[in-house]
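For reference, chains read A, B, C and D in written order, and residue numbers begin at 1 within each chain.
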């Protein structure tokens, strides 16, 4: 059984067909990227899978459980966590508090309103583990708004990861980062636990080819191609439609 | 000055020890009297009128009652029962007043009656006309120097019915006082053969437009509209009534509040010929009212209005009641302060500007004199009051069960 | 039947008065995200200043022409020199501005109380209606001509606002800004001047409503708060930022208040709030509000 | 990243659940700070009635009652980021329930108080379920609408005296410990006990996992949804708790003044509660209480000078919102930090 199965979903805004009969199947532990030019419908696709926008047609399943049209929180509780393209963080809280909230969301104590939270040390430990994993240990007690941009992107991913997801959806984690920060990010993503399935939307080909083993190319809401990084690089249609100049560059990066 | 008083009173607890030892040194005997009135809010003007009258009454007594120097402590009840309770507590506990009075709003009056009864400190309502004040909430510590809602309006209702008015629409704000006024008017009017064909109570303080109510009144074809509105609501009702061209067809009648002198300007000039009931007007020509009028005009440079007279009687009752209680007690303030109210209620104020008024001993409520007043154009071309009739005081509603 | 028609006229009159208030509030909110709770204060400023001008000149028309200028100027200064700089310094427009202008409303009420009542001893004031509008016309029954005047002014303002927004360049900028605030910045217009001008116009209209109401109702210390609540209800009913919604929202509130008072007085206190609560529960974005952007 | 001596903090040390978690230094520091302020404050409040005059004892009872109300309001405003303009109606509800039960139905006051607390919790929770679907301006207005409706009901209800209200409402009977609550000093201590209990409960709530969720909702509700929190019941319960505290305050208020009428339910009082919270400091646990004290005392002083005291509060409020978001509590804590930092090079605290 596949971990995430998306079958035949479509979405239109008015006359504009944003996603047209999209299919996707992810196996457990698969690292998969969706790429495509701006306006290809990647973010809409993400929003549909993570429950923010209901699809017009089609069906989405997590481990065989139908989550089509369910609320974002229900989708996350079903084991699918996402990050955001634009930082969606808790500016007034510390890194520790942010991660702890994410951990707590999947703990039975979350609605406990009469015992001090500090009694539940496990939450804190798990939060710290995530911070270590995301290389945010040194800023663990700092306010989020004092972090560097790259650290904020790491925290974006960290918060999603702290939800202990089976499937992790990352929406352009490298958007706006420097090359050094991108390298860190690639390193972190490659060390994700094996049983976590990863679905990535990303513009930066270094990250895509560095992390993913399968790639789907989207253009005008339709799948143009799907395959391994090598297949994608070779696909003439992809080259024409999308990769263009950057194909060669990406190819080199992929080999590197 | 006042700030110093605040700060010293803040530490009055600690200061009490000192004060006790020094008390014997005090030569002059003083009695503190609280003037607690709605100095802010919709009744601010009335409260100011009451204060002016108090000061006149105090001046006439040389600032003394029965050998005690009178010290007035003024507080603002903000037209809010909550604030009134708080300020009354302050007057009683921090300023140690012997007696307090002057209130305007009925809601405030009822709240204060509760405090007075609880704290065993006399309270004399000046303008709070709710029937319940000297009915359900009556107490040996509470007296009232104004008429009650029922007595005034029943008298007015009976008057109009006898004048041949067969049908009337009642309009008023939908809260306790408005409901009380309606009941009183209806009692008197229907007992004398009239019929209230529409009872139109409008949301209090939130009504912006009386058009719908005036249209409804028109529909009934009644002989007159009888109203109880005060302040800005009165201004708006009178203006809109005129704007709908109803002055001829269905005249607007009511008590003194609706055609209050203070509102004439805001109404854009009062309607000549309008008639209302009142318990005082400066057009009265009794000896007592002429004397009051002269004294008031000498002090303030203007003629007194009904609220001045109400405040004056209030102050006179308090001061003379205190004097009587002190004299009855051999020159000292009585321990049992209910004796002050008892002394006050036994006063016969035959030379009050309002006319010969007296208290009803069973509930300490004043039995007033009532007049029907018309607004006429005077020789100076300005509107004036003219007394066109006197009418007998109605009855206070029963309900007082004083132990 | 005529009873019903005249009630409709009354309702229309009240609707237009509220509309004059609400239109500024809703455009300001749509464009700048500021819920200007001080709108009631500008209404008061118009009425009180109108009274002063009227006392000085004896003319309703001069008061009507001059008095709205005070709230207009004050509104411009407030937005340009206080609110916008604070927003730029990172104050959340939504919450902080609502709270701040709420404080400003309290301040204005206190200030007016201090000046007009405590210092000048004036409690109830009014502006005399001009000759010709002070009386009534016979249209089946006597109907106040001033009410017809209010209706005319309201419709006229609605028309002008509509033309301004739909047919002028500035209007296009404002409309674009209501739809997408970022877009205006990208257009290279001096956004701050546009913002402050729109804010000022809204406040000026509130002041105009104040002068008009000052002649029909009475000028007193509670008038600002009294009109503010139905105005807020209108803005929410119509959908925050929606001009069309504002117009129809005004009609709904004005008609509800008038008709409930005429036909079901027991409900008069509740009717508007019931509609508001029901709507917020079932359609939080308002009748004409855009559905909130996903996410 | 300095280490304080008693917390031997290291990431690899296992969490010790019997004590507070050694890793959670911020919580520990916050707890120390809370206890310090709470103990000093309590000492002052206990000593107060022995120092000040009768009137001020009753004024301080009022401050504590408002303190309960505004701390509840702050659970929404400061912790959850929701501005309610309808809390006066829950205060009024609590007041009316006590008045009706104790005065009309003749139940003992303590039972009436319990009824006030329960009923205001339930009704506020119900109103919360309907209101928290909205946020921001809409939330402000829907709470206002509910508040106005409650006010209208109170005005229209004849058996509670309509606009006149009810008077002569008894205070709690403390005869079983030989005390008479009709004496203001005794009543003050009764209010103080209620206040302490309310604050302890509130402290538990804000410190709990639930309380942390509220803060998360304030900071970024979208992310909370994405994390898998169904935020709706959290907000509704916060609204309920907040309304319950308002109900308790109302129940005490009616005993304090022996009186209740619908004016207690006006939205102006809800607005004043917001003033108190903001002036005192919405980011701090005790800030609102400080704001209540400031408001009541300053109003008392100002009303001696002018009846237009609203002008000053309006101005102070505007300045606080614009420039001093921490309010009085923020001021105090900055002052205290500077003072403490000079004495010992202690770590910096987040207000």
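Here is the rule we go by: a residue touches a chain if its C-beta (ideal position, glycine included) is under 8 Å from a C-beta of that chain, and two chains touch if they have at least 3 such contacts.
On a predicted model such as this, the values are computed, not experimentally measured, just so you know.
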Intersection of contact partners for chain A and chain C: D
Chain with minimal offset from the mean of all protein Cα atoms: D
Far-end chain from chain C, centres as C-alpha averages: A
CA centroid of chain A to CA centroid of chain D, Å: 41
Centroid distance [mean C-alpha coordinates] between chain D and chain C, Å: 34
Intercentroid distance (Cα basis), chain B paired with chain A, Å: 74
Separation of chain B from chain C, taking each centre as the mean of its C-alpha atoms, in whole Å: 38
Contacts with 2+ other chains: residues of chain D: 155-156, 222, 307-308
For chain C, residues that touch 2 or more chains besides their own: 113, 117, 269, 295
Touching two or more other chains - residue numbers and ranges from chain B: 40, 44, 174
Chain B contact footprint on chain D (complex, rising order): 49-59, 62, 155-156, 161-165, 167-168, 182, 184, 257-259, 261, 263-264, 300-301, 303-305, 307-308
Complex contact set, residues of chain A against chain D: 50, 71-74, 76-77, 81-82, 84, 88-94, 96-97, 100-102, 104-107, 109-125, 128, 132, 137-138, 141, 143, 159-160, 163
Residue ranges of chain B touching chain C (in the complex, touch as defined): 40, 42, 44-45, 48, 174, 200-203, 205-209, 211-213, 215-216, 218-219, 231-232, 235-236, 239-240, 243-246, 262-263, 265-268
Contacting residues of chain D [partner chain C, same complex]: 81, 83, 130-131, 133-134, 136-138, 140-142, 144-146, 148-149, 152, 155-156, 222, 267-268, 271, 274-275, 278, 306-318, 321-322
Chain D residues touching chain A - in the complex, by the definition given at the top: 1, 11, 14-17, 20-21, 23-28, 31, 204-205, 207-213, 215-216, 218-220, 222-231, 233-234, 237, 241, 350
